[in-house]
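Okay, got some structures for you below.
Below, subunit A partners subunit B and then partners subunit C, in two separate complexes.
Here is the complex of A and B:
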């Protein structure tokens, strides 16, 4: 990947960039794979055993944690994309950061919707100020603010810089917030982790498929959104040049 | 370094001449204290004083937002921000100067606000003072570091007054968690938990570093 040393300031690199075209080529095959995996996932969730204590509601397990991983992945890509954009002045990485923030917010929103449904069924309340829940909610606000910052300041190189800096703040907040949980998180209602054999018989496969499917869905949406952003910049460039 | 001191001095002098920012923040904080009294009429006085550290930090946060917004809104007049950006040397020093000035002004307001809260909610401030001062001082470093980084972004968008709280508040959760924990211990006469101080120090350090390095891109014209 060339770092485009002349690309400082406003000098327009080609849109889509080489990285973007390369990513785009992966999108269609990923879509087919996603359709196939999605079907297998749906089937495995339906045929998974019903939990003896929680009942049918436990099946949210197959979607809730994978959504969380997607959300965090999105936020990390936003932060790292922003840092690389600042360091190397590559606008395609800024476009990646926007795309990733939006997809991450969608995943995070879905997680925050599925969580209370599950909580109502098992904890008996829609919402508890559980440490992990609170931290994720705050992170959701950070990335909503990121998107607001972008939409309030229009599309300009300055917006991209501001957003990149804010993305870095979001990135450092993730470990910081987990540090807060570590210190004050004794009230947590979330299990410590799922891996240590806490999944019952027949629940491993749908959980694994859920993770794979949603990870694939994440990257599919990310690339799609990235393409849209590139197209949008292209349109902006052509209208502003008076074509 | 000289740049930082020059900017600190400039901000303090201009505030001394008008005193409007400190007055606005102070009046606002006192109003918040009064609002809490009316918002929580069902509580007995001793219950209110147990809540006081949380209420105090709510007042601190909102008045700090007011002051931080103003600190850069002022620089927009006559394009002073562009002038600042032209100052020679690393822009991180400009950040430090602005952040230090904000810290001084916000701290003055906080000391006076703490007095008002102590009066209204019956807190015995004198024994709590060393602990409370440490926690509040450290917490405010974090607020000023993050706020001084984000305020110049917020003031240059179309929604300047609205955007700063939206950007800043979710970033201040680690500060708030540590500060409320520490202040509660100080007011209750307990020793301040080390975890709270550690959290404040780590968060302050990280925000100071991010802001020092990132300010270059925020001020860039």
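Here is the complex of A and C:
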């Protein structure tokens, strides 16, 4: 294990930390499980019934909401990681926050790509300034700005503290994004939030497998990105110490 | 059908490419940060 006294925070930090090493051990088995689950997911989507109203394009349902949940998860982990970093001054939690924001932005980007494809096929337009779509775009910009802040300002303790607060404040948009459809009611073009029993026969399994597969893909990429962040900080520390 | 394939295809390609890019970056940094990398000055 590499160890490095970074001098940030109130303790001599080691890179990777015990938490990071423990998470890394899970990555390989998660990869195997992801391959198996991915195959089952592909099969379930192909054999799912075709919707009588929308036709085959309705099968985007099995990927678009799971991407949204992955994005929410990424931003929530960024916020929680930021709060824990502020409370405990542990740099591995700041690294987790950065890693999670990036994976969350990737998932949010894909949600913003698959959504318009679905909209084009059903509404006839690529984009509408609907409340849900607008708040999602705002959420994407907020965390994209977080990533820009981290990439241009380095990993100084001051930047990390500011980013932690910013990451938490940005979380306000997640419940707003989820409930905005109910606030706007019939004026919203986006379909209502899914509820128990709202899926047709044979649609529950592919939806469940889609959520499990993309959640697993999220955690696999998160751990990998966390490892990269740890190595980058180690590289920065050895460069700045003149090693 | 083409819209459906585009949605799934773009997602699959994006996630796999991102994962591969992260793996390569991690391997590069690990090699750079390892003691042997320091000795050779790479």
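Here, the second predicted complex is superposed on the first by the 218 of 243 C-alpha atoms of A that agree within 3 Å, B and C clash if a C-alpha of one lies under 4 Å from a C-alpha of the other, contacts with A are read in each partner's own complex, and residues count from 1 in each chain.
Keep this in mind: a residue touches a chain if its C-beta (ideal position, glycine included) is under 8 Å from a C-beta of that chain, and two chains touch if they have at least 3 such contacts.
For clarity, every value in this text was computed on a predicted model and none was experimentally measured.
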Subunit B versus subunit C as contact partner of A:95, first or second or both or neither: neither
Which of subunit B and subunit C A:220 touches, first, second, both or neither: second
Subunit B versus subunit C as contact partner of A:121, first or second or both or neither: second
Partner chain in contact with A:56 - subunit B first, subunit C second, else both or neither: second
Partner chain in contact with A:113 - subunit B first, subunit C second, else both or neither: second
First (subunit B), second (subunit C), both or neither touched by A:234: second
Contacts of A:64 with subunit B and subunit C, given as first, second, both or neither: second
Touching both subunit B and subunit C, residues of subunit A: none
Interfacial residue positions of subunit A with respect to subunit B in the complex: 86, 134-135, 138-139, 141-142, 144-145, 148-149, 152-153, 158, 161-162, 164-166, 168-170, 172-173, 176-177, 179-180, 183-184
Residues of subunit C that touch subunit A when the two form their complex: 1, 3-4, 6-8, 10-11, 14-15, 18-19, 22-23, 25-26, 29-30, 32-33, 38
Residue numbers on subunit B that touch subunit A, as the complex places them: 146, 149-150, 153, 156-159, 163, 166-167, 169-171, 173-174, 177-178, 181, 195-196, 198-199, 202-203, 206-207, 210, 214, 217-218, 220
Touch list for subunit A against partner subunit C, complex: 2, 45, 56-57, 59-60, 63-64, 67, 106, 109-110, 113-114, 117-118, 120-121, 217, 220-221, 224-225, 227-228, 231-232, 234-235, 238, 243
